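Paired with subunit B in one complex and with subunit C in the other, subunit A is shared by the two complexes that follow.
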Partner chain A sequence: MPEVIIDGHKYEFEGEQRLLQFIQDQGKEVPFFCYHPSMTAPANCRQCMVKVGQYVRDRESGEYEADENGEKVVRWFPKLQTSCNLMMSDGMVVHTQETDELVKRAQKDNLELILINHPLDCPICDQAGECPLQIQTYKYGPEGSRFEVKKVHKPKRVQLGPRVVLDAERCINCTRCTRFTEEISKTNQLTITSRGDKNYPTAAPGTVFDDPYSLNTVDLCPVGALTSADFRFRARVWEMNQTPSIDITSGKGCNIDLWTRDNLILRITPRYNGDVNDHWMPDEGREAYKLFNENRISRPQQKLDNEQILSSWNNAIATFSELIEITDKKDILIVASPHASVEENYALSKYANLMGLMQPVFVAHIEKGKGDNFLLTDDLAPNTNGCKLLGFKEISSKSLKTQVSKAQLVIFIQDHFIDRGILSTEDIENKKIVIFSSNHSETTRSADLVIPVTCVAEHAASYVNTDMRIQRSFPAKETKYSNRRLNLEMSEGRLDRHGTHFDNWVTEDNKIDCLPVWTFITEVAAFSGIDLTLEDGRSVMEEIAGSLPAFSGVSYEEMDERNGMNLSAEKEKSKTDS
Partner chain B sequence: MSTENWKTYEPVLIPDIKNLHTIEVYEKNGGYNALKSVLTDKKKWPDQKSVINEVKEANIRGRGGAGFNAGLKWSFMPPADGGPRYLACNGDESEPGTFKDRKIFEYNPHAFIEGALIAAYAMEITTIYVYIRGEYRAYIQMMEKAIEDAYRKGFIGKKIFGSPFSVDFYVHSGAGAYICGEETSMLESLEGKRGYPRVKPPFPAQKGLWGRPTTINNIETLAHVTSVINRGAEWFKNVGAATHPGPILYGISGHVNKPGVYELPSGVPVLDLIHDVAGGMRNGKKLKAVIPGGSSTPVLRADQLDGITMDADSLRTVGSMLGTAGMVVMDEDTDMVDVLWRIAHFYHHESCGQCTPCREGTGWLEKILLKIKNGQGEIRDLDLLLDLTTQMEGRTICALADAAAWPVRFTINRFRDEFEARCKKSVHALV
Partner chain C sequence: MDYKFTKEDLQEIENLKSRYPEIKPVTLPALWIAQRRFGHVEPEVQKLVADTLGLPEAHVHGVASFYTQYYKEKKGKYVLDVCTCLSCQLCGGYDILHYLEEKLGIKKGETTKDGVFTLNEVECLGACGYAPMLQITNDTYVNHLTKEKVDTLIESLKEDKVPEYEKIEMPLRKNN
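And now, the complex of A and B:
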């Protein structure tokens, strides 16, 4: 196998590989800015310089030549090389900053140059704390600056588009943002304008940067030049908790991180998953954070004399059980939802089973033409395949209308059919409507009983995406009944680990009074004297995997280990195994 | 020096023939015979390779500044595969002190066109572009006219001289960026993109215009090809300096009596060029310094010039380069701080801004020099300037950063007294 020698250690490698990527894959480091593994390497920041040579082979024998001491002879490149775009070859010898003074010096020199026109306004810059320029300057940069003349001034606070703001003075011209619109989103909306040290990225005159993926450039930007119009100045990153989750606004199930402070989700960023969304996500998915904070239903609500009033959990449980009891079984319609997780839907269906009710049906949420063959899908719900795999019957919107008209009691979950224009208020007149929901809507306002349930940011639950991949969320936000310090699924931030109670900005105000669907179902079952215990997402999934062949082998451990599981691949595998 | 015989040299590229720029006069003087010979005389030129070998043998060292053997460069083109292949002719001519290619555009455009056609034939090229700096408005029009005439006469187009060789020829106008003279940046510009130099490898012969094999040559280089075919490699090699042979268009500017472009053999002594060719120093002033080949080549003091001739080898002995042979002559009244600031200003203005050391370094150099020029410099600024040149040199995507760094390093090193004297006179506000 071909070999490279990096800082005196020998590594074997296969195929075509870029040196910088290989160095990183070995857990080593070379500072860099412009390189990104999913885009072309323009080698323009010049930060990733290393010293490179090649063992000399004897032309005839093909053997490595050796000097009088028996050491292999190395022919060095006359200049330092950028490692990001250098393809490795057999017998390559590399010295990074760890073993070569000139490399160290060159990297330091380069950082000095990058910084001369940089405003150095970290204290008021949103990127501080997660800034590659800041981090690498501390590690590899000069002690101070010898720059005593005037800095270049460039446009600041430029609203490039509805969601992205540019501070051109902070820009280091790495072209990650322009390459993103060229190579990934393919809108070509950004380009570098002007020349030399007056360079900065911009949209063409008269156009706006409204790329449906525009916010990825904010993540890509290695400095605070591009910021999110929505998130800027909202929080310092070191005061936030970062929790892995799944985007529930489309069928793709982009892997994401939820960022919380004081129990509010303040932003959503993509999390790398090479099988799903690479490093990217659509802007729409990021807007979802508002759903988790705003317009939330806290405490059950019940209709009394045609007016919804706040109720209590005891009342809600009693009312729910009563409605089931007094209604003829054939007149009860349970509508499951692709907007709810596998576990939530399963809880409903299990309850239906035990009570001898009809199995749930569901209506898919499709908007033709919404998909773009990238990360947006026609499917607007995260779990359509999950509903199918649970064995629910898919019905059309029209058929829903008919079935509702025949029913006396209808139970909805996380689906807002009145808001979607599928049902009208007349359709549900004289019927009892129960809805499990996280957010208020026209639909919930027309219901007789509203059960506030946890949203994806508050529970661990799974979703099966349009490619049959099952992936799960983690709780990021506490409810009235969960506690970050006690719930092992919840992430710990820097302040949780190192801060005092007062550092943590935690108030009770932002905790929602809601329960996971399975918990509520467990309660109503108990009320009716039925033995049904659904403890948490993890155990519900264990039960599903044990009883439904479509989910066999699925577990939270396995999903975590493999960053999600492809169920159709899983099926193929079990076929060949047997 | 064999170069004493420059005095008897008869110009070939820009001879004194009236209206040579018209295709009729050009033809009357043997024009397009070289092309015809290459395409039709199978005995003399059995195949493309024989043409490349002749050009390689002549050792035409690229006149765009880097001095690379043109025939050798042509031989790097991969074998033809039926797809498009390009020749990009570099007429961007923007380096301060360089103004020779325009002479060819104006006085003998067909010599260049013919050379380009021969090159295209030799490398099995299907399309030729000539990239001319935008400021050369008049020359662009003249080139367009010349190419139109050559099309009309059948020297460009389909089945030239009845041979199977067909080629197209286009003029492309630059838009005011020096960097578009850098060959890969020129390719980007030709593709309609921002003029950012490309990272090499891949080299243009492998992946050039639109990813296809491409060769880039300077206008003068290609014009010499015509003479090499007409007169033979042997003739060319015997003109001027042995390791850097052939005629050169010397562009002489500055404090001389007769600035202009002169066609002479390579290897003419620098002092002969100043005193005999360019009519001596203006107003009888004393010579102070010479920039031999465009603003990026290291400046030489008058006392370094004895016996130095205009070819790469001789200039290297005193630490400079031939570049484009665009020579800037400066007399005793010249303020070197001013000169260097002006050069630094140029490179700062022209850096494409793609890579860090050049984007940031060129501006920093200029700003420090401006400070010194304005009487606020300090001696430590000189050492900072020198430090910066090593921070920039050899660490960028293209050679513009080197071109910006060298003048600073060598002007300060060779005129340090003058810079220090200026710094010592600085007046600093008391704070």
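And now, the complex of A and C:
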């Protein structure tokens, strides 16, 4: 196998690999700005310089030449090389900044050059705390600046598009953003304008940077030049906790991170998953954070004399059980939802089973033409395949209308059919409507009993995406009944762990009075004297995996280990195994 | 304003396409054709070039804004680029620039009201041996400038007479 010697250590490698990527894969570091593993490497930031050479070999004997100390002689490339676009070859000798003073000096000088016109506004810059330029200047940069002349001024606060704001002075012209629009989103909307020290990225004059993936350029930007119009100045990076989760606005199930402070989700960024979304996510998915904070239902609500009033959990549980009891079993329709997780849907279906009710049906949420063969899908719900795998019958919106008209009691979960335009308020007149929902909507307003349930940011639950991949969320914010110190699924920020007064959570507000569906179902079952206990997402999934062959082998541990599991691949595997 | 290429322009662009393996390199000559036709490559002209070549608007804008020789705004009929880089500066480049400013009644970077002259201060044009000098509309160099030479130049340009290309022999090395 070909070998490469980096800082005196031998590494074996296979195939064609870029040197910088290989160095990173070994857990070592070389500073860089413009390189990105998913895009081409134009090597224009010049930061990843390393010294590269080859051992000198005698042509005739094939022996390595040695100097007087017995060390192998290296023939160095005449100049330092950018490691990002250098393909490795057998016998390559590499010195990084760790072993070579020249490389160290080159990187330092390059940073000095980059910083000549970079404004020193880290204290008010949104990127501070997650800024490669800031981090690498601390690590490899010069102590001060020798430039006493005025910095070049460029346009600031330019609204490039509806979601992205440009501060051209901060830009170091790495071209990651323009390459993103050229190579990944393929809209070609950005370019670098002008030249020399006056250049900066921009859209063509008169055009708007409205790429449906535009916010990825904000994540890509190694400085604070491109910022999110929405998130700008909302929070510092170090004040937030980061919790892995799943995008629930499309069928793709992009892997995301939820950024939390004071029990509010402040922003959503993509999380790398090579099998699903790579490093990217659509802009639409990032707006979902509002769903988790705003317009939430807190405390159950009940209709009394045609008016919804706040109720109590005891009342809600009693009312729910009563409604089930007094209604003829064949007149009860349970509508499961692709917007709810596998566990939530399973809880409903299990309850239906034990009570001898009809199994839930569901209506897929499809918008034809929405998909773009990248990360947007026609499917607007995160769990359509999950409903199918649970064995629910998929019905058309038309047939939903007929079935609802025949029923007396209809139970909805997280699906707002009036808002979707499938049902009208006339359709549900004189019916009893129960809805499990996390957000207010037209549909919840016309329901007889509204049960506030946790959203994806508040519970651990799994979703099966359009490619049959099951992935799960983690609780990122507390409800009134959960505590992040006791709930081991919840992550804590660096600041929290010291238990200081400067905790990330400075207020106990913003907690929603809601319960996970499975907890509510357990309570209802206990009220009606049925033996049914569903503790949390983890144990519910264990139960599902044990009872449904479609989910065999699925567990939270396995999903965490492998960053989600492809169920169709699992099936193939179990087939060949048996 | 609505900008359109003539049939001949389009034919010329079409011929250029066959000279390159891909379409992107045609951007440069196509921009030249546009500038020759309209006298500038304003954003609208850039859009026309992009549409004609089937390239992204942003790319054409990036190319056009990179080169100072493409005029991104309307300029005078004659653009006078006066060099004030080191050699010209030492030989009186600024004197010439200021003299022209005074004579034309405009500041550098501006265009005369009648739209005939635009005056620019530029960096080295690679004619240090003939300093001070200026260039007329990306083309002819006028060398060894003096105030008198500037006067005659302006007069002849007003009559649309562009000076001829001037051949200047380099002095021979003594030890040859």
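Details
Heads up, the rule we're going with is that the second predicted complex is superposed on the first by the 556 of 578 C-alpha atoms of A that agree within 3 Å, B and C clash if a C-alpha of one lies under 4 Å from a C-alpha of the other, contacts with A are read in each partner's own complex, and residues count from 1 in each chain.
The rule is simple: a contact is a pair of C-beta atoms (placed from the backbone, for glycine too) under 8 Å apart; a residue touches a chain by one contact, two chains touch by 3 or more.
This is a predicted model, so every value here is computed, not measured.
After superposition onto subunit A, the modelled positions of subunit B and subunit C overlap sterically. Using the contact criterion defined above for the overlaid structures, shared-chain residue A:A204 touches subunit C, although it does not reach subunit B.
Using the contact criterion defined above for the overlaid structures, shared-chain residue A:L532 touches neither subunit B nor subunit C, since it reaches no partner. When the two structures are aligned on the shared chain, A:I422 is found in touch with neither subunit B nor subunit C.
With both complexes superposed, B is the one of subunit B and subunit C in contact with more subunit A residues.
Contacts of A:R195 after superposition: both subunit B and subunit C are touched.
By the touch criterion defined above, A:I116 reaches subunit B but does not reach subunit C.
Superposing the two complexes on chain A places one region of subunit B into the space of subunit C, and among 59-67, 185-193, 365-373 or 419-427 that region is 185-193.
191-192, 194-195 are the residues of subunit A that lie in the contact sets of both subunit B and subunit C, per the superposition on chain A. Chain contact summary for the complex, subunit B toward subunit A: residues 177, 179, 194, 199, 348-357, 359-364, 367-368, 371, 384, 391, 394-397. On the subunit A side of its complex with subunit B, the touching residues are 41-47, 49, 78-80, 85, 106, 109-110, 112-114, 116-117, 146-147, 149-150, 152, 172-173, 191-192, 194-199.
Within the complex formed with subunit C, the residues of subunit A that make contact are 178, 181, 188-195, 202-207. Chain contact summary for the complex, subunit C toward subunit A: residues 43, 46-47, 50, 56-62, 65-66.
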